[in-house]
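Mind having a look at this structure? Questions to follow.
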């Protein structure tokens, strides 16, 4: 391995890394918001909306992100909807992630016994209070393992962004390999930066999971 | 004594199944009414109707002369003047014992935190659990949780306390500690409506007994009469299954 | 909207051919993953701490490394490091099996350790032999837990194979791109129709399998 080459490439990878985590985390935020929304629609069986929500989940859980991105980025402009590559990436990730987060939140909501709602009501809480103080915190704790798994999954999925010509880590690696054939150094940096992106999240995720489990179940 | 709860011609149906069939009774202020009956007779449903947890098909429920709206979406604040304790305690698992007690007074009644906490601690002291104030529900035994649940209902200053089989999920050795708390409340003159299977306890605590079967009140009376000289054959048979009446 | 291009010549057949290739790679990888996954899963219940450490490292690598990166490592890296040239298809099968085996092994481990000890004890108490205990009590429970999850692995595998276009395999998405290129003049809007169709094709391949998995999961839920 040639460290001179690595030093030379480092700034390029750094730039790509920052772009990847920026778009990645915007997408993850979108997916959380969307997921919570869709989970409530499904949990409370809101008419009409629940059908749309169900179709959305099935569609996005059963197709690859790469194809979704192609459709968003290359397909939609043909019917007059142009979105920048960066927003396409974030939006695609958010839509994909939303369908997974929704399932996670919903099973969290379903795991709370009905009697929790009832005792909140019999203490005189309003629907909104019951929701904020009793249901949401519990649903969130119960969904933590699913959320952690989804966040890691989504961060990994960012590796397809290069397909819509975003200059992310994969793009940079492929580009440099094609240009200068420094394969070993390029792949080393690629792996290094993905470890940098995901290992802290993986470790933090385990800690958060343990805390949430202790909070709910004491083990 | 004045009438505080009054139920008139209450009917509750699930589709075809009639659970409560034209029930009428009333409770006086300071009175302890105990409802017994075989499983599925509708006694728990009756308490849940009073607390607005079930929609009713017919009849009216009055609290202190005011009609209770039993449609949850337009509750008129009367239901919360009755406190309810459930069989499964249902403490909030994500909150400490103290937080379980102070949550509703602070957010529902908008009382000051400090004042509520003082009251909560005093009440915990009375049920012998002040050392547990910072514990989480999972760290408590069933009997301790149920005592906290009673306190959680009390701190809302309910005019009537509804207790729904509060010892049914407990190990036998924990039943006593919970029932003692209830007996003390009765001595203080609390108005209570109690559903239970503990006949000894029922007899000790009740001012008046109701026997419910098939969604109807079959018999009611003073505990002495009720247990020693049941008027109906059905109550006699029911009490026999508890070997309360010696052959 | 660009759908007309699909009815020109054998375009639609070519698209299906591309999907066929993706499905072939997925199926092959799933079969390898299930076989190896069961073996590794059994190994994971072993007490030896070196084996445990090794396997946990393996699982963590798979947990945090995007399949795309693994694909690059094998396709570009192995050729470089060992001087062997692996075809894109072979690289894909290697990577997806590497990933699938880890997923499968974790499922097997979960299913095995998830059976409460009381099940073994009560079987013993009823006088069942070791073999009978496994044959009639333990294995049926494991199979019921495993099958829906393994079926889910198939849909995930199919979705993941879409990545192989990035190392130059001409699968459904790549065929789609070629069709769009070739008809640039005649159907300028082909991108919408073709990519929508590819999306739908993937959906039609995965959705029935997801439904089956969900149905079995419900059916066998205790």
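Lettered A, B and C in written order, each chain numbered from 1.
Everything below uses one rule, namely that a residue touches a chain if its C-beta (ideal position, glycine included) is under 8 Å from a C-beta of that chain, and two chains touch if they have at least 3 such contacts.
On a predicted model such as this, the values are computed, not experimentally measured, just so you know.
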item	value
Most heavily contacting chain pair (counted by C-beta pairs in contact)	A-C
Longest centre-to-centre distance from chain A, chain (CA-based)	B
Chain ID, smallest distance between chain and overall C-alpha centroids	A
Where chain A and chain B are represented by their mean Cα positions, the distance between them in whole Å	46
Whole-Å gap separating chain A and chain C, where each centre is the average of the chain's CA atoms	20
Rounded Å distance between chain B and chain C, as computed from the means of their C-alpha atoms	55
Shared-contact residues (touching 2 or more other chains) in chain A	none
Chain A-facing residues of chain C, complex	1-2, 60, 63-69, 72-73, 76-77, 80-81, 155, 159-160, 162-163, 165-166, 173, 176, 180, 188-196, 198-199, 202-203, 206-207, 210
Of all residues in chain B, those that touch chain A in their complex	51-53, 72, 77, 79-80, 82-84, 86, 88, 90, 92-94, 103-104, 107-109, 136, 138-139, 149, 152-153, 156
Touching residues on chain A, where the partner in the complex is chain C	58-59, 61-64, 66-68, 70-71, 74-79, 152, 156-160, 162-163, 170, 173-174, 177, 183-184, 187, 190-191, 194-195, 198-199, 201-202
Chain A residues within the chain B interface of the complex	113, 115-116, 118-119, 121-126, 129, 133-134, 137-138, 141, 215-218
